[in-house]
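Heads up, there are several structures right after this.
The following pair of complexes shares a single chain, chain A, combined with chain B in the former and chain C in the latter.
Entry: the complex of A and B
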């Protein structure tokens, strides 16, 4: 737009190159109020380490320092925090993206409001797992754990390899771990089906 | 003599034999006694995702096992260090929580009283041995070897984990430990970037892109190797380069060493039998030739 083309009634303080959509992406969607669960944020904040959500003013320091966001913009800590505040329970808990976090903890490290987003996300993942959204990879790890006490499959070739390198044999026994997993109900959680 | 219960975790004894080998060897040389404990299991780091309580219980179980033997814990994995230290902190600060955990540990005949300290191997080297003593113990000159440090997130964060010891946004202990061997620590823009290891089973592409970012940054620096201190970080940077080259059309061939391997070289260890250098995915011939040459000079 050339200066001569500017309509007379346009306010002067709008920069010429202002994009139509100020956020720079076109993924904005309308949130329908009747679909929101206003109690969701309280449900989340009740949990240890999650109370700080109350103080989030959406500055985006978390998102700016998030290594996963940098690669995959779909994973967005600020947006997730806002979605929880708004009560978008089903969208948040069913989203595969909440499992993308690499647990680097930059978000809490750089938050000016001391919001522990890592913990908040953990609460969300626990809630999602309760509903049957546990990712397959994590379910497999838990199954290995219940067998051997460690999260990987083990086999004879592996034991032979350790022996050849003069590394001590590991006495793998998942019994105690299995008992503790059963006591805390994780064994039932990993067989839940997605809704 | 310092004694620690050696907490191997899952990834090191399963996939990164050279880390275990070299760690055992260098700690022995420097007078740290390691006790192997059969009753240790997974630290619970990933189980926290599914059920926070299970994660805490698994960590507490390991702490109780070490406590029963009167030993503090030394870990090789930064995430094990983080998960165990976090559980130890919570259970020390909150007797009620400890009581709740103990009511469950009872069923496996364990109890945690809250007195265990958890340290990552590099922290033990830095605090218990110290940079000066390491310098004195060096036998092979590594000077001129340019090494890019990668710390690993849970060595530094959350902030209290490294309080009084290192600084999450400007870490320096691994730099100093590298310097102690005679090698030169090289800083780079993405040095604090996460390896993405935890995301790997969820989204391979995301993690490999992340790893590629750092490798591309390192390409602009003249380095001989990357030095790191976590088995998961090693798997991502050390073992994934071929996959990344194929997927993204890159030509990375950055040698990656675990810190105890670098230290072991300086202490005069046998590259194969003591330090497992032949097990590293990217060949270390260039580095070995360099060291052999500086030995002759």
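Entry: the complex of A and C
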């Protein structure tokens, strides 16, 4: 993929169904078990590092140690693990919550069953992206990364400050990163549309 | 030996038991009051009467004060009376002149009988004064030495009874093993596989049943029941009623030709838990010991109508004998071990689960029989309603257990056997069937049991920490629908499955009340045999010489049943090995074969 092929971050790219405030899974609806997908947990566990999920006994140590849960109770590692175990595939993959993780891996540190919940979340995120559920912010960020090799946007002020500090100008070329991203197949995911 | 005509010199010792007693009653006030009690020659306190120091203080006081009777106000006699009797005896006091009274139950933290300190003081004063009065009236209880029978009666031929019988027979005792059913082996013989190792139950039991069958020291009395017991330790006399098998056991070879011929089919509620059928003449199962036929006289056509006797024509050894009658034999026993086991709770009264109304709701014991490749379905797991393989199964834990409306106790084995059945189904029977285990707490406390639970999770079994309120049957499909609250999700689940298995409570076996009446032994509040002390004397009963083991004492698994069986056998050996025993004369006179009056 050439830099020119990467779509611009167009505001109209924002999908309409993207909720404004994506906090909290406060669904109180009864879960219809016959409509769930009991094979989902196996699909998840097949992935590298995610096999520990089968040992989860819902103790909640992960939730109790998660900094994101502290800020937003809607994000609850134990509940997410449970939802996967029960086969709540659509609800989990379409949930914005799985993208909240700060990657601190506290959950993994504290889990008495060595579940490595962080890895499970990554698997879920890949599956979600595959279905086009990746959040807009993440898509835009990845595109930017591919173009410039930078995670954050740069503007002229940066250049001026770098000059003042006698630093060389930025080489805004994402070639190496692009290669990596293409190798991982991520480039295909970012152009996927939400279902 | 001090005579009882001499002036009585009674000493009273009040124990602090650290703070257990001293923290709940005013010891000073108690000492004062007892000092003033008529008949008391000496009063002292000990920090711990039972400690070495405490016992030396008591012995010194006996010598210095020339005491001839002592009362210790401390803890329960079942705990320490023997300690103080030995302590007194070595200072020259007749054991029956040593008394221990329990004032600790009113003062100790955590005791359900604890009362406030004023009340404890009043009660303690009263109890000690009564003990002083009683002691002043006591006479020496004459002891006699009697010979003991070198034989033991074991009631119940399950794994616990078998283990105890084999242990004792190997030690040289003559054992009579009385089993109510036509075969020995109990429940274990019918379990297919057993946790926590999942080895084949009949295979690991067979060495015991087979050995018991040929052991020269064991006399198997199957299809028999104990109907009367008299006597005392060392010298029990027992009546055993032998039900007629209508088969001459010596000539029956177990060939099964008679069974094939018999036209009368009957639902087998014992050996196949109501799942399968047998004939009116039957051999319980392939590995049955003894492997002899038996005629069920309630269902035999000849017995009911006077015509048939097809089996008789078929038998190559003329073993069938329609004239057999029930007969009673008499046995001697030095000691008795009760190992009558348990029964599974019938969940019909829990109407919310529809056990008697819905075809596809069964119990775990029934499932155990279904999974058994030698069982009524040859190991095929099919829905009773339509013979289809169930795509999903829910197990409901604690049915009739931990429930104030039925049985308040935890049955302790059902979490483990639910895990076992889930593993067997997943690994050997229906690998694609989803299994949901609805539980309250998962109790897997035994050795290697937690690994067993983890292993079950590894197989992808679903665990839901909630108890379904009610099961509704879908009329067309006969599927079962229930709502369960899943606290881990914070939501209600609507679960629809093709089959439900109820993990039912473990009850004392049928007839326990009757047998305990015959034996004079006590039952606990749940109807199991009551041990003397739950921690320190777990296999002894209130009757010296009668011991308990296995599920008869309370719900338990095989490992614990074996441990208790060995403990009971060791208690028996301890009492009988000398061949004689010293007993209070009144016991021999009032309960012996030549009792007076």
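Following the convention adopted for this analysis, the second predicted complex is superposed on the first by the 164 of 195 C-alpha atoms of A that agree within 3 Å, B and C clash if a C-alpha of one lies under 4 Å from a C-alpha of the other, contacts with A are read in each partner's own complex, and residues count from 1 in each chain.
Definition applied: a residue touches a chain if its C-beta (ideal position, glycine included) is under 8 Å from a C-beta of that chain, and two chains touch if they have at least 3 such contacts.
On a predicted model such as this, the values are computed, not experimentally measured, just so you know.
After superposition on chain A, the partners chain B and chain C are seen to fit next to each other with no clash. Legend: residue contacts after superposition of the two complexes on their common chain; A:62 is shown touching neither chain B nor chain C. Of the two partner chains, chain C is the only one that A:33 touches; chain B does not reach it. When the two complexes are overlaid on their common chain A, residue A:137 makes contact with chain B while staying clear of chain C.
By the touch criterion defined above, A:92 reaches neither chain B nor chain C.
Once the two complexes are laid over each other on the shared chain, residue contacts for A:171 go to chain B alone; chain C is not touched. Note on chain A: of its two partners chain C and chain B, the one contacting more of its residues is B.
Annotation: superposed on chain A, chain B and chain C show a minimal Cα-Cα gap of 21 Å. The interface of chain A with chain B does not overlap its interface with chain C at any residue. Within the complex, the chain C residues that touch chain A are 392, 434, 436, 442, 454, 457-460, 462-463, 465, 483, 486, 488-496.
For chain A in complex with chain C, the residues that touch the partner chain are 27-34, 38, 41-42, 54-58, 78-79, 82-83, 85-86, 113. Partner chain A is touched in their complex by these residues of chain B: 8, 10-11, 13-15, 17, 20-21, 36, 38-39, 41-42, 46-54, 57-58, 61, 79, 104-105, 107-108, 110, 153-154, 157-159, 168-169, 193-199, 201-203, 206-207, 209-210, 213, 273, 276.
Interface of chain A with chain B (complex): residues 48, 67-68, 70-72, 99-106, 108-109, 118, 122-123, 125-126, 129, 134-135, 137-138, 141-142, 145, 149-152, 154, 158, 161-162, 165-168, 170-171, 173-174, 176-177, 179-181, 183-186, 189-190.
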